[in-house]
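The structures considered in this document are given below.
The two complexes that follow have chain A in common; it is paired with chain B in the first and with chain C in the second.
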Partner chain A sequence: MKLHYYPGCTLKQKTTALDISTREAMRRLDVELVEPEGWTCCGAEYPLTEEKIVGLAAPIRTLRQVREEGGDVVVTTCSFCYSVLKRANKAIQDDPLKHKRVNAYLRDDIQIDPLTKERTTDFADYNGEVKVLHLLEYLRDTVGYPKIRERITRDFRGLPVAAYYGCRLLRPQKEMAFDEPDSPHVFEDFLEAVGCAAVDYPFKQECCGSYLSVSLPDAATEASYRVLRSAKMNGAKAITVTCPLCFYNMDHRQEAIKAAYLDFSGLPVLFFTQILAWALGVDKELLGLGEHTVPAAALFSERPSTEVRS
Partner chain B sequence: MTAPLSAKNKEKRIGLFVCHCGVNISSVVDVEKVAQVLKDYPGVTFSTDYVYMCSDPGQQMIIDTIKEKHLDGIIVAACSPTLHEKTFQEAARLAGLNPYQIEIANIREQDSWVHTDKEKATKKAIKIVKSHVAKARQNENLDPIKVDVTRRALVIGGGVSGLQAAMDIADHGYEVILVEKNPSIGGKMIQLSETFPTLDCSQCILTPKMVEVSRHPRIKLLTYHEVESVSGFVGNFKVRIRKKPRYVDETLCNLCGECEKVCPQIVPDEFNQGLSFRKAIYMPFPQAIPGTFTLDAEHCLGLNPVRCGKCKDVCDKKAIDYDMKETIVEEEVGAIVVATGFDLYTMQALGEYGGEKYLDVVNGLEFERILSASGPTGGEVRRPSDGKVPKSIVFVQCCGSRDTEKHMPYCSKICCMYTAKHAMMYRHKVPDGQAIVFYIDVRAGGKSFDEFYMRAVEEDKVLYIRGKVSKIFKEGDKLIVWGVDTLTGKKVEVEADMVVLAMAMVKADGVQDLLKKLKIATDIHGFLAEAHPKLRPVESLNAGFYLAGCAHGPKDIPETVAQASAAAAKVGDLFAQKELIHEPTVVPVNDELCSGCGICITMCPYSARTLDPERGVVVVNEILCEGCGACAAACPSGAAQQRNQTDNQIFSMLRAMLRE
Partner chain C sequence: MRVKLKSGPDQRKFIARIEELSGENVFACYQCGRCSAGCPMASEMDLLPNQIIRLVQMGLEEEVLRSKTLFLCASCFTCESRCPKGIDMARVMEAVRHILDPKGKDAFGPGEISPELAKELPQQVMVSIFRKFAK
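Up next is the complex of A and B:
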């Protein structure tokens, strides 16, 4: 079956591992991912600032395109894209002013031919019809964990893995309505479904440092260190993320973390889709492990499952 | 009571009295003009104005004029009828006029208070008064409906409020039936260690009351019973009460405790908030009343001598009977005091505090048990996970209270004080321990409350940090508490051995079905609603029901006891009456017009209307009818006509008002 998939810019540039592993994993689950034609950057955080209605045009243009292509669902893996698309969509549904003005921008942009200045095509307002789902949400609700268990061909044999939610996936709860932000379990349930043992640790929803990586690198180093340390202290052999920025702060920054905090000896950082893809039998070479600063390949040891999971 | 049609045609002699209400009305409405214009209006015999109609001279003027001018209909143009209708009805009665011939034309709330243009407001006042003239011309003499009172009360709930209410009513000389669903009376208060602000032992002050109630000749104590249904109306309720089988004959049980020793089933102990264990056959606590063992069938191996039967074998008194069955007790009562208590908000709802995950994060009631001499640790402060004496405890206030965004918007009222008490008691028992309280602001508004709180701060060196806690998690052996100190604006990280959460007080979960069956009004949080927030604080909107204790909202012990006594006094008021008077402005059914469609039955909020299946018409219990008029508005055939508010009267009012 076909499913609209919004990769977002980072997945096409710095973090292709997340993109590749997502595609490979979903292919194994009989889902063909289709990108909406002409998708653009979601706008990162900017569309969500209260006063800039024009910023919403970017995510809404993409969502409208999904609708025009006959899609009613779009999935994304990047936490930031997920947050922006879902909240922009909700803003269009709830706020008549934003609905009116964003559609006005889009109407002019889509209808008016830049050369002739004439209105060319039909335009129907976008009213928030497309449902924005995170891939974890899609796996939980649409594919279902039983089906994933059925398809698994490789066994992690209870590898202790920490699920890291970060800031964007769950909050604000009223808008994301994804999982309970103070005691979430969707990510853990996913890890258990693919044969890992989910490690419970208190820092799973704390900030990784986010964009402070640019302006105050030391603060990001400290924030990521606290998360990694807590996961490791509770027995994790790896930490999984959904967000390219979390990945950057925890993986690419890990040398700096080790230099600043001598008690920390390193922890591989994985995308959840890499775990899923490998468990479903995707070749290790297709997981994009070359992008990792902290070597992670050893975690994917080629041992076929001895027992058939049900 | 319905007068023949011809009587209506006789022209009435109507008197109009227009009130100035000081300047409340007269500053916006030209009251003299109103009286003047209406003087010649058809049907009006007499018309005047006066500065305060409700004053003694004002009332006297009405009485004198009725007698002098032989008036048989009165209109007082003044404030809302909710304020002085009774006053003027009484005046009419004194003058020998039927009180239901009084009409109140509201020209204050509905006119002078909401308008500024004198000319238009005066015009409106004239229209309002004219409409009431039209209505008054058709008003009939009505007699109040009278009904007998059963002078016995039912008290639901055996906590401190129920006990106090039961005892007071019994002391007034009336019989009381006290129903408690648990095996023993005592409620939440019996679980508390000490009480603020005096630090006297809760059990020591409550157990004498419990004994007194159980021995009172006029109190019938029904523990391990639940109210099944209530029917009837104020003064005449019929109550069905379900007796749950205890499987132990309380008259035979001599508390030897042999059964408990042999019982193989171990169950978390509710009395100790699950911090210790009991057997399936148990006594909730040593001073339980009635003093008897109770067999908890849910956890018993099966009430079957083949499967276990150990307790029955060792019982010398032959008190244990596996064949006991549920029975229904029926009682008739005149008033019902609802004292069903509260619950604590579940710690699960505040996932960030880890109350569900970490054994050493406890709620206030659990900490009461830890402090209590009769508790699981014998009164020593030891933490649940490993029994160590905690060297530091963080107390978090407002857990789920005062949070409009996610939890309860209201203040749970008692937490500031019991947290001060907890911290103080902990410092007394563990002198080298550190007590830290996170608070939003300390609300110590009660007699000797602020002094008590200051004692905790100054004498017992409890550290108060103003700010909320964002997260509690475990690192190694310690709990880490993240919070903010809003006085310095800094984030705070505190290590603690134990955390006590002052969870919000919420509606009691176990009684919601019962409250639905009672059809008793509740507020948006599920607490019982009082009839008037200031002037009728212990009565329910539903006649005959009275409120006591935390079922009505969070409150401390002194306030609970005061409210229970007040409810009992109100029950006394009711029982002191020879017969109950009910407003006659009810909505009867005209049998000839009624088609038995039953629409009015579905409209009636008081269950006053039922279908007579034989005659195919609706019959009305006039005692239950509150005269709201919902049925009259809904009735498609005009068979339901409210007395002195008939369709004819309403149309006449409209005509009078709309005619220029």
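Up next is the complex of A and C:
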């Protein structure tokens, strides 16, 4: 079965681990991921003021392309892309003024087919027809955990793993409606379904410092440290993320965290799709473990599944 | 600090502009401080989020615009999720950044990232920080 998939800018170059493990895992669940033709960066930040309407053009153009290709669902893995696409989609559905202005701007797009050189323009209005889903939602609702458990060939044997939601998946609750903002559990349910033991800890929806890691590295170091320490104190052997920026802040900057906070001894950071892909039997070489600064390969040790989990 | 409060057309214009841009009713705030209590960046701030909104209510444009806090907000929406009055503080912050002098200096511009760092950073972080802090 075909499914539209929006990888977003970072997955194509800096965190290919997330992109490749997503594709490999979904292939083993009989889902073929298709990228919308000519997708662009979503803008990373949903424009928060009423006058920055131009920021909606890029995500809406991508969503319209999904519709033109006959898709009614698009999945993403990156939290930022998910947040921008979902909020932009909702703005188009709920706000007539934004609907009118964005569509007036995008109507005159010219699309040139690379092969036939055929020009398409005068696009029909986009009215929010495409549903934006995070891969975690898709795995839970459409694929279903029973099917994932059926396909699992490798067992994590209850490896204690912390699920980190961060900021963008959950909030603002009114618009994201992803899970309970203060007691989310979709990520934990996923980890349990693939054979890990989800670690409960109080910092799972705290901020990692986000883009402030560039302008104020120390503040982001502290924010990421708080999350990592809390996960580790509660017994996690690894922390899982959905977002390339959380990954950067917690993995690539972990040396700085360790240097600033001597009580912290390190914690591997994984993408949730790496866990899924490995459990489904994807070759370890394809998980992109070389992109990690904190060595994580030891967590994926070859032991065949000894029992069928139900 | 003694501040003389006025409620002239300048103050009213500033408040109206913030409300128009953010789409939030700043007068709904009753200063419970839950936004500041939950803010992960509060320790770095010169004015806490609830103080920013109080100054906006009083129309003290200058005090708000020169605060460091505007460029410490990571838009993580923790304040938004906790506000008992349903105010999205991140939108108020964005509205204040929006009315800063458009000819002024970038709070954080591309020149501040070294080529070595740029090689390592995920694209996403550069797109988002320039969207937030550059003109």
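In the analysis below, the second predicted complex is superposed on the first by the 292 of 310 C-alpha atoms of A that agree within 3 Å, B and C clash if a C-alpha of one lies under 4 Å from a C-alpha of the other, contacts with A are read in each partner's own complex, and residues count from 1 in each chain.
Here is the rule we use: a residue touches a chain if its C-beta (ideal position, glycine included) is under 8 Å from a C-beta of that chain, and two chains touch if they have at least 3 such contacts.
Just so we're clear, the structure is a prediction, and the values are computed from it rather than from any experiment.
Enquirer: Now for A:210: first (chain B), second (chain C), both, or neither, which partner does it touch?
Expert: second
Enquirer: One more residue to check, A:51. First (chain B), second (chain C), both or neither?
Expert: In the superposition, A:51 contacts chain C only.
Enquirer: Determine, for the superposed model, which of the two partners chain B and chain C contacts more residues of chain A.
Expert: Looking at chain B versus chain C, the one contacting more residues of chain A is C.
Enquirer: Touch test for A:183: chain B only (first), chain C only (second), both, or neither?
Expert: Only chain B is touched by A:183; chain C is not.
Enquirer: Once the shared chain is lined up, is A:233 touching chain B (first), chain C (second), both, or neither of them?
Expert: Only chain B; A:233 stays clear of chain C.
Enquirer: Please indicate which partner A:128 is in contact with in the superposed arrangement: first for chain B, second for chain C, both, or neither.
Expert: Neither partner.
Enquirer: For A:7, is the partner it touches chain B (first), chain C (second), both, or none of the two (neither)?
Expert: neither
Enquirer: Identify the partner contact of A:268: answer first if only chain B is touched, second if only chain C is, both if each is, neither if none is.
Expert: In the superposed model, A:268 contacts neither chain B nor chain C.
Enquirer: Touch test for A:15: chain B only (first), chain C only (second), both, or neither?
Expert: In the superposed model, A:15 contacts chain C only, not chain B.
Enquirer: Which residues of chain A are in contact with chain B in one complex and with chain C in the other?
Expert: Touching chain B in the first complex and chain C in the second, residues 182 of chain A appear in both lists.
Enquirer: Residue numbers of chain C touching chain A in their complex, please.
Expert: 20-23, 40-41, 43-44, 71-72, 74-78, 80-81, 88, 90-91, 94-95, 98, 107-108, 112-113, 117, 120-129, 131-133
Enquirer: Over in the complex, which chain A residues touch chain B? Could you list them?
Expert: Within the complex, chain A contacts chain B at residues 180, 182-183, 200, 202-203, 230, 233.
Enquirer: Chain A touches which residues of chain B in the complex?
Expert: For this pair, the touching residues of chain B are 350-352, 354, 356-357, 471, 473-475, 480.
Enquirer: Once bound in the complex, which stretches of chain A touch chain C?
Expert: These residues of chain A touch chain C: 8-10, 13-15, 41, 43-45, 48-52, 55, 78, 80, 166-167, 170-173, 181-182, 206-207, 209-216, 219, 222-223, 226, 244-245, 247-248, 252.
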